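So, here come the structures, one by one.
Same chain, two partners: subunit A is paired with subunit B first, then with subunit C.
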Partner chain A sequence: MSTIALTQILLNGLALGAAYALIALGFVIVLNAAGAVNFAQGELVMAGGFAAIALAPLIGEATALPGLFLLPLVMGLMGLVGAGFAWLAYFPVRKRHQVAVFVSTIAAGLVLQHLANALFGAAPRAGPPLITGDSLSIGAFSVSLQQIAVMVCAALLISGTGLFLGRTQTGRRMRAVAQDPEMAAAIGIRPKRMITLSFALAIALAGAAGLLLSNQFFVSPNDGGLFMLKAYIAVTIGGWGRLDGAVIGALLIGIFETLVAALASYLVAEALLYAVLLVMLVFRPSGLLPERARARV
Partner chain B sequence: MFPKSAAVALAALLVSSLTAKAETIPVLVPITGFLSLEGTAQRNGAVLAIERYGKDLDLDAEVTDTGTSPEGAVTALRRALEDKPSAAVASMLGTQMLAMLPIAGRAGVPLLTVSGTAKITEIGIPWVFRFFPGDSVVKVAQARYAVEELGAKRPALLYQTTAYGQSGAEHLRRIMQDLGAPLVFEEAIDISVKDMLPALTRMQEAKPDLILLHLHSGSTALVIRQARDQNIALPILAGSAMHQPTTAALLEPQQLGGVCAESASSPISEPEGPVEDFTAEYRARFGTEPDAFALAQYDGASMLIAAKNAGARTATEVRDWLASNSYDGLAMTYKSDGKGNMAHDALIVCYDGESAVPAIKRRYENVSGVK
Partner chain C sequence: MSDPRARLTLGIAAIALALYALFFAGDYALHVLTRAGIYAIAAIGYQLIFGRLGALSLAQGCFFGLGAYAAGLGALELGLGFPMTLAAGILLPSLLAAFIAIPVLRLASHYFALATLGIAQLALLVATNWTAVTGGANGLFGIPPIEIGAISLGHGLPLTILVWACVGLALSISHRMTAGKRGLAVETLREAPLAAATLGIDGAAIRFRFFVASAALGGLAGALQAHAIGVVSPDVLQFHVLVLILAMTVIGGRASPVGAVLGALLLVHLPEWFRDFADYYLVVYGAALLAAIIFLPRGLAGLFGQSKMPPVETADAEAPRDPAPLTLSVETVSKRFGGVTALDGVSLTLAPGEILGLIGPNGSGKTTLVNLLSGIEKPDGGRILLGDADITGRPPEYIARSGLCRSFQHPQIAPDLTVLESVEAVTTEGERADARVTEVGLSDGANEKAGTLPPAALKHLEIARALAAGASILALDEPAAGMNEVERTELSTLLKRLADAGHGILLIDHAMDFLLPLADRVICLSAGQVVAEGTPADVARDPAAISAYFGESPL
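The block that comes next holds the complex of A and B.
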């Protein structure tokens, strides 16, 4: 395999991993805030893709950056969906048995899937491109402008999320609630508000991932399961509860899958990925970056 | 006394005739899950035929979503069998059909399907009728067109890991070998794979002169798009998923240049005649374009109604009628080969790179020599 081909494959893996990282990041934000796994995260990615398709006519073809203009709109809309999601699928059941929370999120995910099927039909659809234009060629090396845009957007969103959670007062409050809700409440922070905000942020990121993936890889109502699985594996590999771990785990999955598929086959890549996951669970269950101890669903 | 009892009997007869339930034909198809696109087309075709031709017989269609698991299909079938139907329209997903067939066989209810999986008519259960040409027909057409018309000598094959994909790949592998153009590369692709570049890169190293595809809709579009993005200009001869208007809608017309596909029919490619009427009615009823699966199931349900019009009432009578008669449908003439394979024609459509509507390039009639 030539160096050029290998570089192109690695870039593809990195772009896919970057989008997975956004999904995994949202997954961990909810995990930390609510102490529960949001099994609808994949369907919310799918919903973000369809939201982009539904909102695309607002932008029309007048701009060369249709997806980039849509990104804040989609994130805003999905943020609102996230806040609603918290009040519909999490708060009503959070004091019941832990199983109730994940059953509730699974149910919400299925509702989203069927809703998308009813509204948009079963066929895969292509979302708006982030930027117009096909590819950038340097000699024999050709790289898709969409891929570059996806990677840049994902990097900015991941960095922005890190800065927001680490450097702003609201972000610190969200982290305080994630670490110890009772203590946070004792010092005047409103846990419900912070948890709602966490859901909004996580689902806005899922929506962004949906938009980023929808043009190159299409979107269909049944895509949720795949995204959820990737996020789950990324978080398990990276480290439960760690934002940086989730991002690293997702990037590793993207590159690993693409590279092994290119050198051997998709079946080998898939089998090896799950084998690595099993090894991780046996020998390093806390992931690459150790988890901060806390009971979770 | 007599007039009173006669009046009571008459009243009972009237009440029973007024409350008599129309016969319901169960339509058990995957409306959700990875095959929902094709399953929805199958449902639409069956429903349209029953609505159009079943009125006089007081027939009604009851649709149940089978999802994509064999368990979902079995549950749906068991529930449907409680009403003792004379026939059922059943899933196009091969794994679901393989799970449903023993149950339908024991209950003695014929299943009408458009599943392409070869095995469903090879396991010796005489209660299945397939109205879409199986792999033994369409893969012959695909392979012959590749060799005879496109001059392929070194074909590469990308196929889905599902039962559908493996069945088609097995046929293509054998037929291409027999035609003197053995595969130089093949790769199985899971339905969840989004990035096709690894397979395309390894495929190029084998230096093929044609790409054969046997994939579902989304994967077909992803391969074509990513191949064209990588400036791979090889001709592509795809499976029936490519003829679906929704698949073509995912691609730019110029990306479709050099792309052909096998299919049982292509309703949108026929500008006049009864198929055009069907297309117009389908568009008006469902707000979407029909594909070959919809037309095949429409023909299948129409043949069921023809059986009933000919006097077949019970499930056994329907089975016997379907097994022993031929029917001139819109897509082709259907006749059982003794195993329940009713469709024996295939065609090849090609895109010109300017339009998303393909043109019919070649018809292969009576491939299995049954008619």
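The block that comes next holds the complex of A and C.
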């Protein structure tokens, strides 16, 4: 394989991984805030894609940057959905076993999936591009503007989330609640508010990922499960509960998938990914990097 | 289920269902009823692993699908007849479950869910793409209907009866695995896995058995489905099959097999009743699942009240037997966590009938020592002997059965079990739960749920459990914490009596006015090392113990 082809593949993989990273980041934020897996994360990505398609007529064809204008709209809308999601599927079962949260989010995902099926039909639809225009060519090497835009947007959102959680007062409060809700409540932080905010942020990120993926990979109501699995695996590779690990894990999965798909087929890529995951769980049952989140017993 | 009223309700429901099938159901209604029976079998199986053990297996749909493929391929490729195809359908998923059980079942809950989902996805990929064998996306066609000899059970009423006979079989298997004492042990394992292990319950064996049984019943259901509709396609391995079975279990009731049957009947019939919703039917179905998990934590079965163990008379309990005398010897035991040395060459002995106080500041290694003794952690060096038997690094359930049990700083209990049931769950041969409950002074509240007990009673319950599990040696981690003066005196009296009967007791506590008068000897730990040892009076005056722990002498 030529260097150019390899670079091209790595770039594609990085763009895909960057979108996965947003999904995984949201997955970890909810995981830390709620101490439970959000099984609907993939359906929420799909919902973000459909939100973009539904909102696209508002922007119209005039602008050359339809997706970029839509991004804040979609994220805002999905943030609201996230807050509602927390109140509908998380708080009512918060005091129960972890498994109850698993099941309630599976059910919420099911509602979203079938709602999308009923509203938009099962056929895949293309979302609006972030940027219209051709590829940039440098010699024999060409990069599509769309891919660059995806990577730039994802990078900005990931670093923005990192700064928000690390440097702002609200972000620190959210992390305090994630670490120890009772202690946080004792020093005057309202856990419910912070958890709601965490869900809103996480699901806004999932929605952003849905928009970023919707043009190149299309949106269909039944893809949710796959996105959720990728995020789940990314978080397992990166160390349960680690934000940085989730991003690294997602980038690795994106590159792995693109590379194996180019060398063999997409089918082999998917099968190998699961096989690698299972082998990893056999030999390192607590993840690749040390865990940061501990099960609350 | 031992409740006669519940039995009556169940009997009436079964008769009503049979009458409906025999006299009122048309061909289509029978078909729907058959489908409900098939899913009920899969749900009864799923209940074992998900409902009883609380492990979110996402492979039940996969086991169902594999059962269908195994039966289909057995009939079409190997020319197997009816009972053999069912056997193939049971065998393939059971073997897969047994093969993956050991690595997968030790994973924490979130990784267990992911691993089982990964396996299910791999199975789906194989079924879709290994076209030569599985027929690829089109699947297998023309699987023959069930025939026994010349009698066809392929359609209509005969098939419905066969399937529901299998439902009865599944119910009786589930009952055998979860009735009586076994069920209590399983409940303890789910709610308090650490306590279960340190009381001699072999969790790994139970999990293995339940996981394989869930796969076998899933496979049986899949095999019946293959014969009933004559077609197997990769659709049977899709995630939605799992979600359907999960929904039946959640809506029906986590711990009630009859609830699982109800859930299956309901969810298979719902689409028939909700035709008017058309595309939105599945949305309603998702919403119903969400509503069930929120509003019906015990599922439909919870609406009919819980089956109860009959209250047990404790007045006539016979006097408990004395323990086999055992000496505990700890020889230069060490434990490190990363760079921190939690225990550094600790040695001690505990003779039968002796109460040994273990004191020291927080973080000095007291609880770590109890964790090593009970097998929850493995030591990095040194030996632990129970009598002549070396128990170093042995699993907790082995140590418990050898005669050493512990209590926890924060009591580990199954809140929905009554006091008597909690003790019954771990009782070994020759022990009587009611006698032990009486012995620790809980006979008045024997039929109260453990979750409603005040803290002091929970500590007594933990002691009763340890005794019933056959403990000769008791390691008690802060049993008097949070107790008032009266409760402490009661506990002192109990521990004295147990020591007099021959139990060796290792007692950790911070309440010196409780511990010092009670203990025969005291050991003071500091930073993982023994800094003082001797009679309570000696240790209380020991300069090393005073500087490490007391601050000033308590005497």
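FYI, the second predicted complex is superposed on the first by the 286 of 297 C-alpha atoms of A that agree within 3 Å, B and C clash if a C-alpha of one lies under 4 Å from a C-alpha of the other, contacts with A are read in each partner's own complex, and residues count from 1 in each chain.
Methods note: a contact is a pair of C-beta atoms (placed from the backbone, for glycine too) under 8 Å apart; a residue touches a chain by one contact, two chains touch by 3 or more.
Given the structure is predicted, the values throughout are model-derived calculations rather than measurements.
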Clash or fit (per the criteria above) of subunit B with subunit C on subunit A: clash
Partner chain(s) touched by A:98 [first = subunit B, second = subunit C, both, neither]: second
Touched partner set for A:275, first subunit B, second subunit C, both or neither: second
Which superposed partner A:5 touches (first subunit B, second subunit C, both, neither): first
First, second, both or neither for A:233, with subunit B first and subunit C second: second
A:106 touches, of subunit B and subunit C: first, second, both or neither? second
Which superposed partner A:114 touches (first subunit B, second subunit C, both, neither): both
Subunit B versus subunit C as contact partner of A:267, first or second or both or neither: both
Touching partner for A:142 - first (subunit B), second (subunit C), both, neither: first
Candidates 23-31, 41-49, 95-103 or 149-157 of subunit B: the single one with C-alpha clashes against subunit C: 95-103
Subunit C-contacting residues of subunit A that also contact subunit B: 113-114, 117, 267, 270
Parts of subunit A lying in touch with subunit B, wherever the complex brings them together: 1, 5, 8-9, 12-13, 16, 113-114, 117, 121-126, 134-135, 142, 144, 213, 216-218, 220-222, 226, 257-259, 261-262, 265-267, 269-270
Residues of subunit B defined as touching subunit A within the complex: 31-34, 36-37, 39-40, 161, 187-190, 192-195, 197-199, 201-202, 205, 217-218, 221-222, 229-231, 244, 246-247, 249-250, 288
Complex interface listing, subunit C residues touching subunit A: 50, 54, 56, 103-104, 106-111, 113-115, 117-119, 121-122, 125, 129, 239, 243, 246-247, 250, 279-280, 282-283, 285-287, 289-290, 293-294, 297
Contact set on subunit A toward subunit C in their complex: 37, 88-89, 92-93, 96-100, 102-104, 106-111, 113-115, 117-118, 225, 229, 232-233, 236, 240, 267, 270-271, 274-275, 277-278, 281-282, 285-287, 295
